[in-house]
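See the structures that follow.
Same chain, two partners: chain A is paired with chain B first, then with chain C.
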Partner chain A sequence: MWRRTLRAALRAGLSPGTTGAVAEARAARVGSSRFAGSDSGKAEGPSPGGRVSAELIEHLERLALVDFRNREGVARLQAAIEFAGQLRAVDTDGVVPMESVLEDRCLYLRADDVVEDSCVEALLQNSQWTVEEYFVAPPGNITLPKQSEQDPVTES
Partner chain B sequence: MLGLSLREVSAALKQGQVSPMELCQKCLSLIKETKFLNAYITVEEERALKQAEESEKRYEKGQALGILDGIPIAVKDNFSTAGIETTCASNMLKGYIPPYNATVVQKLLDQGAVLLGKTNLDEFAMGSGSTDGIFGPVRNPWSYSKQYREKKKQSHHRADEDSDWLITGGSSGGSAAAVSAFTCFAALGSDTGGSTRNPAALCGLVGLKPTYGLISRYGLIPLVNSMDVPGILTRCVEDAAIVLGILAGHDPKDSTTAQDPVGPFTLPILRDVGKLCIGIPKEYSAPGLSSEVQAFWSKAADLFASKGAKVVEVSLPHTSYSIVCYHVLCTAEVASNMARFDGLEYGHRCNVNVSTEAMYAATRREGFNDVVRGRILSGNFFLLKENYDDYFVKAQKVRRLIANDFVKVFNSGVDVLLTPTTLSNAVPYLEFIKEDNRTRSARDDIFTQSVNMAGLPAVNVPMALSSQGLPIGLQLIGRAFSDQQLLTVAKWFEEQVQFPVIQLQELMDSCQTFSQHKKLASVSLKR
Partner chain C sequence: MAAPILRCARAGRCWSLGSRPRRTRALFAEPVPGRVREQSSAALQEPRPGAHEWAAVVGLEIHAQISSNSKLFSGSQVSFLAPPNSSVSFFDASLPGTLPVLNRRCVKAAVMTGLALNCTVNKKSLFDRKHYFYADLPAGYQITQQRLPIAVNGCLTYSLSVGAHWSPSATKTVRIKQIQLEQDSGKSLHDDTRSQTLIDLNRAGVGLMEVVMEPDMSCGAEAATAVRELQLILRALGTSQANMAEGQLRVDANVSVHHPGEPLGVRTEVKNLNSIRFLAKAIDYEIQRQIEELRNGGKILNETRAFDEKLGCTVSMRDKEGKQDYRFMPEPNLPPLILYDAESLPTAADPQQVVNIDWIRERLPELPSVTRGRLVEQYGILPEHSFALLNEDGLLEFFQTVMKETRAEPKKVIGWILSTFLGYLKQRNLAVSESPISPSSLAELLSLVDSKVISLPAAKQVFEELWQNQGKTTGQIIQEKKLELLQNQEELEEICQAVLAEHPQEVMAVKKGNQKVVNKLIGMVRRATEGRADPIRIKQILEKQLQ
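Right after this comes the complex of A and B.
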């Protein structure tokens, strides 16, 4: 089902301004926790390029720890990939990648000396939850459940 | 008084024609009156008045700290300010109070500058309109100028004040609006792909993007580390040079600042441009460039030529790929940079406590807008193991080609490149938001981002008003670390074109209708 609406959104030029797309986005949000799940089938992606599969969406969401939220989000990625694809036309044979414009200079390194007093208290003050001198995190040995199984994020 | 240049107002302070307190109060009440521009996120009234009071004492003792002592300034809300909320216009950092000052902020304060507040922007500086932040869009003061209003009446447009207002450009639109509306004398912006020059062009200001490595980024909340630079927004070139002189130089806290001695940045008066060679990159006649901007660009080239400069057409062959390359590198670095926002140590934290990862995911879901999430996800895609070489490394290679294009042109004897800054003058908000952020950025950053990829200095200089009565600016690009020479040429150009001062009487009139009920507040302020 979501594939069809995505196509519709693409046809509408990805314009979030049109009422149709907004309505779809709203509808999408309701089911967003599952739109990448197994019930949507092995999606081939929204374009002939077919890069954005359900697996890819899930993989990226787990890596980035942000979600696409709705079909427009996926369409946005598709558009970004297609845009980036133009780079293939550039002949870069033998070109060394450029990481920094200051590559021809020595990088300055500070001496490994303490120059400022302890700022533990000041830094802890910006945390929502601390105990003594520690930041408090929830249990860390649980991986994010698959979206197709359960999504505690959207239930909150 | 509020329209003076830095040198003039500094002289007025020294001679006692105005006191720092008076100046500060004037600016604060103008900020209140122009609140509807939405230029400021935070106004630090008490703190500013206290700084002004201290400055006043220094002047009384004849111990002013520097040229900026007692002069009100504003800072974009993505620079850390000790004790002052720093939000990046994002829910993610709402309520975040940095324990330290960005180096550039500290340098301004050390000069005695009075910090009025923090200015509005696109969320995490991702945008070209200053329309995509949680505090709402910034309005361009030119929307309320006499120049624009009169042209509008002539063309029989219905002056619908509440929906016809124009965008400032972005992402440093709050800083641009603040300087343009005379609420401060200079403001800091940031520039990753054009975020200082773009709003400067649309608001009729000088917007300087210095050479990468000349100014410290310490405390500037990073977007794209390899391209970010603090930017300077002022009403004239000389002012930008003064601020640059204060900010430039090596910072032990930023390993990417160059260690070579810098400056001075005082600008000599250029009487003869006969020895100058101005390059006009032919690829910048891009589709979408308005005929009006094109015409002013040619006119500017003719101006240089008529005064004896050598004007040559040059080629930057990889220009058309530049915006694509920028898009890949930007999203990749954003994906990496935004990983720091997890809810644990600072900023927003959600209520989900099932697991650390679930907490991270929910926090980020709540904290980032669609634009930021979109860039993070695209960046993660480009950085996937199977895509890394095809997209990220490929873009880094194209980046070298783009940087080399500039090197070749400058080695051929060109001193300064002359290009448009934006495709057209400012557009109405309602028109601007018809397209999504990525499409807009790809279009609006077209002339500006290649400079960031090559690390070069560039400056927007306002040239003239369009047929709509709105500012059109041109961009001058210089060799790396030749910021002073670039500004010297910019100053010459500025003097030749005599860009008109914004006439804000109408703005003030609208202020009165907008804020009649707030009069009490501003009266009590004048005390």
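Right after this comes the complex of A and C.
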């Protein structure tokens, strides 16, 4: 679970704007303590200033698809962990995690009407590579499956 | 949970869809080293009970696309086969600054489905983000309901067919763990040769209901029947078109095997199942594969496998680098979804902003199980006939239209529809909607049989003609082929008289008391009329003349 905190902190540390960083890290922490059940999240994790293992870096790189395996990247990661570590100073025992700052508001329900027109041209302008009306992505982080989950219509 | 035990004697039958049933039987007949404690010949022939028994455990995760005009969180259109990226809003493409706005129709659809599956509908449910990187998921996460889904703890009852017939005794129940609302992803088209992936986001953000079924099933047929029943329920509700070939119903199966009384085995997940037939086939193959693997001293890996339709087997999908870490977190942009019932309904609430569970419950359409019961009661047909009527798309409507327009008895009509009509369709691989015979012409034909205008064999002939020659009416065919029964009493009496005169021996036999010979005479009269006489009427005339 400390990985989640770390990841959020990492994002906070790496994001250019820092205004949202604290809130984001907090949201992630609130979320993670929910998912981890009763575990308070203070017992585990690296000690403040602890080294980040190569294995963990690789795991993070896979999840984030970001290459930060150079000295600067790791230093930033380290700083982010320390930054997030400050949150551990807050005693949250017995406090029900907040789901959202809007949790006491009504969730607005929209009528099932089509109100958006096609904006394919505008959208495709955001993409460097397109083929016909498709976005083009690299084969990506997932190995190209032979039995792909392709559209059954195009298969037949 | 009592998982039915598959004994070796039944293995061949139950797994007849598997690739190597013969080898299976041979394997089952062999005693397993290590399981046989006493090496006497008796022990070898009859190993300890349970040693050769395997129980298979099957659970399903089903994604049903919600039938709605617009997407779950955006106002762009839900359309199948639209040009690529033509119904994608800025939110669906996950552009910065866009926010989700929940579609009321999707909420209602999930509530309806939950109620139809006997679920408890949660008056408060929550949305979560499930993260993974995939090019057809532009946000990098899917909004789903991980912690508190919209409906929980339901059940689905289905009836398994035994052989070719439905048997009410084989009624089974599978528990529904939960139903959750979530977004669909876009579609990826992999271009292996150019090593690129084409992304179409039309489907991204379409509303899905994920139905999680507990592992209460034990073979492919059970899973297939449960999915078929769910499909019928979703269609009856109108909450999903549930067409598997079009991806509106996607099924993943979790399969494991174990010895009864022992802990459950390691499970595999079988994906890529886009028809009910393949679902059954894939599960049975996977059960068989796991048993063989364990028999041969191998191990089952907790992995994702895909079903290869051409080879008829499951193959391991290269897994995504170890265990997936979805990094679930609460969706910060959506407050909890609150539903109301008659009691909790706020007085001054805007009706457009309130979903009332009780209101929906009272307006649920008739479910397939109720329809079947009604058919049995209304028409006096057998339960298995009601299953058959619902199992074929459009057949029930066809039957009901015929019933409205014909004087024939329901039992006669159902016979014609399930044997003759369905037989013709199956033989030519047609759907009910593609039938060249309209319900009205069949109704007319059956009325003619009922009022004895034509005989049964003649009716079959007319049916064949109707099938071949579209546009001709039943009346035209009967006239052209001279198929109507002889109605003229005098003419019939004359023919009978002539037959009697030609066969004095038979007449003598009858007069001596041999009533069986009457049937022979009836046959002769029918031949003389080229099958155009009603045997019952001939019998009456003959009996009168023989007195």
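Assume the second predicted complex is superposed on the first by the 86 of 156 C-alpha atoms of A that agree within 3 Å, B and C clash if a C-alpha of one lies under 4 Å from a C-alpha of the other, contacts with A are read in each partner's own complex, and residues count from 1 in each chain.
The rule is simple: contacts are C-beta pairs under 8 Å (C-beta built on N, C-alpha and C of every residue); 3 or more make two chains touch, one makes a residue touch a chain.
Given the structure is predicted, the values throughout are model-derived calculations rather than measurements.
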{"item": "Contacts of A:66 with chain B and chain C, given as first, second, both or neither", "value": "first"}
{"item": "Which of chain B and chain C A:135 touches, first, second, both or neither", "value": "both"}
{"item": "Touched partner set for A:77, first chain B, second chain C, both or neither", "value": "first"}
{"item": "First, second, both or neither for A:86, with chain B first and chain C second", "value": "first"}
{"item": "Chain B versus chain C as contact partner of A:102, first or second or both or neither", "value": "both"}
{"item": "Contact residues of chain A, present in both the chain B and the chain C interface", "value": "59, 63, 65, 99-102, 105-110, 119, 123, 126, 135, 137-145, 152-153"}
{"item": "Residues on chain A engaged by chain C in the complex (per definition of touch)", "value": "3-4, 7, 27-28, 30-32, 34-35, 59, 62-63, 65, 99-116, 118-120, 123-124, 126, 131-145, 147-154"}
{"item": "Residues of chain C defined as touching chain A within the complex", "value": "68-70, 74-77, 81, 83-90, 93, 95, 101-107, 126, 131, 133-135, 147, 187-190, 192, 195-201, 245-247, 271-272, 274, 306-308, 315, 317-318, 320-321, 325, 327-332, 334-338, 352-353, 355"}
{"item": "Residue numbers on chain A that touch chain B, as the complex places them", "value": "14-17, 56, 59-61, 63-69, 72-73, 76-77, 79-81, 83-84, 86-90, 92, 95-102, 105-110, 119, 122-123, 125-129, 135, 137-145, 152-153, 156"}
{"item": "Residue numbers on chain B that touch chain A, as the complex places them", "value": "96-99, 212-213, 226, 250, 252, 255-259, 318, 321, 324-325, 327-328, 331, 335, 342-347, 349-362, 364-365, 368, 370, 373-374, 376-378, 380-382, 384, 390-391, 393-401, 403, 433-436, 438-439, 442, 453-455, 480"}
